[in-house]
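Across the two complexes that follow, chain A remains constant while its partner is chain B and subsequently chain C.
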Partner chain A sequence: MEGGVATNQRFPKIKIREIKDDYLKFELRETDASMANALRRVMIAEVPTIAIDLVEIEVNSSVLNDEFISHRLGLIPLTSDRAMGMRFSRDCDACDGDGQCEHCSVEFHLDVRCDQDQTLDVTSADLMSTDPSVLPVDVAAKSNSSAYDASENRGIIIVKLRRGQELRLRAIARKGIGKDHAKWSPAATVTFMYEPEIRINEEMMESLSIDEKRSWIESSPTKVFDIDPNTQQVVVTDPEAYTYDEEVIKKAEAMGKPGLVEIEAKEDSFIFTVESTGAIKASKLVVNAIEVLKQKLDAVRLSDDTVEADDQFGELGVHMRGG
Partner chain B sequence: MNAPDRYERFVVPEGTKKVSYERDTKIINAASFTIEREDHTVGNILRMQLHRDPNVLFAGYKLPHPLQYKIIVRIHTASQSSPMQAYNQAINDLDKELDHLKTVFEEEVLKHSRDY
Partner chain C sequence: MISLAPQLCRMDTLLYLLVYPQRPLLTTRTIELVGYDKLGAGQNATVAVMSYSGYDIEDAIVMNKASLDRGFGRCIVMKKSSAMCQNYGNGIMDRIIRPPRTGRQAERMQILDDDGLASPGETIRPNDIYINKQSPSVKLSGGSSAGLPDSAYKPSIQTFKGSKGETAVVDRVALTSDDELNIRFKFIMRQVRRPEVGDKFSSRHGQKGVCGTIISQEDFPFSERGICPDLIMNPHGFPSRMTIGKMIELLGGKAGVSCGRFHYGSAFGEPSGHADKVEDISETLVKNGFSYSGKDIIYSGITGCPLQAYIFMGPIYYQKLKHMVLDKMHARARGPRVQLTRQPTEGRSRDGGLRLGEMERDCLIAYGASMLLFERLMLSSDPFEVQVCRVCGLLGYYNHKLKTRVCSTCKNGDNISTMKLPYACKLLFQELQSMNVVPRLKLAEA
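Let's look at the complex of A and B:
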């Protein structure tokens, strides 16, 4: 390479604030908004999970029609730790896409009939999986009760049956991504915000009376500032509660004190909040998103034949330019 | 009925190249890369990374139409570099950044899983 290998690589920093199976809050620093946004977009739309995609109904005498039930089945989140290693059924060579293939699909069976006077709930717990690692997330959570209190968990209701009604079906779950259909999205919400930097002009602030300080603090719709009970000074209690509404800045101007506070968004610091549907752990979701983004970048590398074609053209170009 | 298949948004059709390169006919060291089945996710990180390269005089991307699933990245470099070189370096740098990000993230997760 001409001029040496000067890289412009960055070394971002990460700090986790809170971590739970389905919730994660972390700080991302020393990179830019394009990287933060790419990660967010990939987490929502391109990290693969498993969801029911094909339903064959044998008997359905319930009040809901076949396609309504199929749609409801598709929306049930399934544990998808296997998804990264699975194949998309469209690229699977081992099968013809009928769902019997272990590389690309998981089969479910459901067979419920109501023989009592009380209405019977058909729930995600009635879905029988052929693969013990792929289960509806609420069923999986129940079996390892350490995750959360399962006593209230009745399962995800699919349909209700009255006496004599029956539902019998076969369903095939496949790997997919949220771009194809939102049922494959592992993310409930993924957001990031710029970290705010709040600077109070202490000198100007001291020129305010205690009542003025209070009314200025009250002007913020969220609780960002407070008064220190000992020193009677205005302090920033929670900078991240600030929603960039600029109400405090307008209030300061209205009080005839422009420049009382300066608030800036740090352009290289982001606070991420990731909530998972339970299909994969929130921490795994981030790792998978990084992996998927890497794969995407690898796919957009130039192929060798393009480079060769350009080299020939390049020489020609030099001749044409009289080189 | 005649709706296009949903997968057309992200599966490159057979016989089509993922990335095609077209040199500018009027300006030396300028070129456009057409990337099939990609969007702002890749377009924006590539553009921002190219802006960090001092040899790049211009870098931009566009999504020509929301129903044409492709982006066009245009690069103009100084004479000591070339659009292709800048493009490759941007991808390499981003790739390394993501490698780094993955390691530091996993270290943090490990630290926190030990805590509780």
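Let's look at the complex of A and C:
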């Protein structure tokens, strides 16, 4: 505390509610909207993954043109557990970005020809990777888990071929971030909501008949309230189902009972829902996002030995150095 | 699928194709009767009716960059260029020859195959040659073309026109002949375009608008469920246009996606059940946890705070129109002039100037910006130096050999002044003279 600036440092807490490979629901508490939103933004736009970025087409006699197929290839999610440790091909000094380099790129080959009368689906399963750790996500899922229903998974269709048509190409996957192109975004959905605080005025509620209670409960488009079958009391069953639509408040006013329920958004707790494309696990996505956020803050924070920084930034400099 | 569509087998002059067409979520009975839902012309975009960033004024729309990355509004443009190998009779024909692989022209002929024609799949840049044709310089001399020496042919190559950096791909090449044994070559040049600022889009209610800006997904508003719009449309488009149908489409589409059924969007609920009333649609929405009004709570993507208003959000079928900036954008500093008036040419195709018209001129006069007016109307247009005789008031000339100025009417050079006029003005005087009208200039000291 060099400058005597009051610190606003807080210690956010995370509580995981539900965790699956591609789905994560967690609570973020004791922080504010800016922190929650920064995390959300980084997850969408700045957590790196690997995606096909350069395609060299040798033969393409399919019905789709080269650009069309290249675009479709780019959008195939690839397992990107390596991505954090990889280099961006633009600042890789081991190569000139031609894809032969293991530090910044992974090469894929695709060679399919249809010799039958049936239509042949060219899928992500036909993409041959030179790196076993970077695979199309559906292929990786098929080989990893036994619980996965293989018959249901037909792969991501790239193009369909008829007899005599052929597709042969070389593709180079590179590391990138969602800011540059959405194909590099590991997030299918990242969203948060403010945790609602619902207070029912019990006294006023008891003055309602059971039918009135029921019609009041039904005015909410989502199932937030219910009637306890034993006590006939209105209880909050699922506060997070509330979408801040204020329908129940309007209903209460229409029934002549303003103030029947009070609903407020808690300013400091958020419920996150994260769905991953499969490129990295949803849990990894959050961890990587925090890592990226820390790196960004490090770039902002001034180092202690820059004296002139104090003149330049004054109190802000002190604050940024964690004072 | 697309392979059954005939457009990829034809050689159309101009063809616009949408890359990922969709079936509209909300149709009418008529659309089904004419099969319009079988030939998609647009995409179901999730639209948020709200204001964003100010780049959405005057019907402009704000687009989500991630949606564009994923293929929304992407289109294929195919343009035909053709060339003819003419038969002059007597066995004399234009000829197509193998391109030189070294030398001055080699770089521009990179995409040519050994047969002298551009090969399909090659990327073609502006000024690239797509046919290495030569025409005989003496057309009616006897003998067969085999007998003509190489020196009798002069090159008549054809190049790909387009502004700098605008590349295309040679999609197909076709050869046909007519009854005079001329061979016609047709080249289809293909471009795949993603939407950019200035491209025009429209919903099916005639609500057209250009893309005002493209914003990245993290800055876009999002809902609690994680829904992020593809498009933001300004609500000011509604009151004056009174497109109630668009609002019903949004509601019906939203109900459609949440219950998994295609709805009919006719204006009134019909007893036949071929339409869904707004009340029924609202009920479906409530059943799926949405507000009956189709409005959602939306959070700002920039701050993370909830927006002050409920936002009307849902899918609307949007079509990409063929008016794209890439085909229209134009600017020029210096450039070609018309021979007759020596004024800059007109129109984008001729790399023309942008006209400072009468009304703009009036503004400058009213403002009193005389130097600017002089610069625009004279210096940047068609300045011309003339010799004017102070006695007869007619135009003389400057004799470069004798280095003297002469008035051809007075037969001397005693009273000649040099001044500047627009070339078009000098042209007018001469045209008047040709009609026996004599315009005389009376000069005063400036």
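Descriptive notes on the structure:
Definition applied: the second predicted complex is superposed on the first by the 293 of 323 C-alpha atoms of A that agree within 3 Å, B and C clash if a C-alpha of one lies under 4 Å from a C-alpha of the other, contacts with A are read in each partner's own complex, and residues count from 1 in each chain.
The definition used in the following text is that a residue touches a chain if its C-beta (ideal position, glycine included) is under 8 Å from a C-beta of that chain, and two chains touch if they have at least 3 such contacts.
Just so it is clear, the structure is predicted and the values come from calculations on it, not from any experiment.
Legend: residue contacts after superposition of the two complexes on their common chain; A:Arg41 is shown touching both chain B and chain C. When both complexes are overlaid on chain A, the residue A:His181 reaches chain B and chain C alike. In the superposition on chain A, contact of A:Lys296 is made with chain B only, not with chain C. Within the superposed three-chain model, A:Asp81 lies out of touch with both chain B and chain C [touch as defined at top].
Residue contacts after overlaying the shared chain place A:Lys160 against chain C, while chain B stays out of touching range. Look at A:Thr243: by the touch rule set out above, it reaches chain C but stays clear of chain B. In the superposed model, A:Val63 makes contact with chain C only, not with chain B. When the two structures are aligned on the shared chain, A:Asp131 is found in touch with neither chain B nor chain C. In the superposed pair of complexes, A:Pro221 makes contact with chain C only, with no contact to chain B. Within chain A, the residues touched by chain B in the first complex and by chain C in the second are 34, 37, 41, 179, 181. Interface of chain A with chain B (complex): residues 1-3, 6-16, 19, 26, 31-32, 34-35, 37-38, 41-42, 46, 90, 177, 179-181, 283, 286-287, 290-291, 293-294, 296-303, 306-307, 309-310, 313, 317, 321.
If you check the complex, the residues on chain C that touch chain A are 1-3, 8, 19, 65-67, 69-71, 74, 76, 121, 169, 171, 190, 192, 216-218, 222-226, 285-286, 289-292, 296-297, 299, 301-306, 310.
If you check the complex, the residues on chain B that touch chain A are 6-7, 9-11, 17-21, 23, 28, 33, 35, 38, 40-42, 44-49, 52-55, 80-81, 84-85, 87-102, 104-106, 108-109, 111-113. Chain A contributes residues 33-34, 36-37, 40-41, 44-45, 57, 60, 63-68, 71, 75, 160, 162, 178-179, 181-183, 185, 189-194, 221-222, 241, 243-245, 247, 265, 273, 275 to its touches with chain C in the complex.
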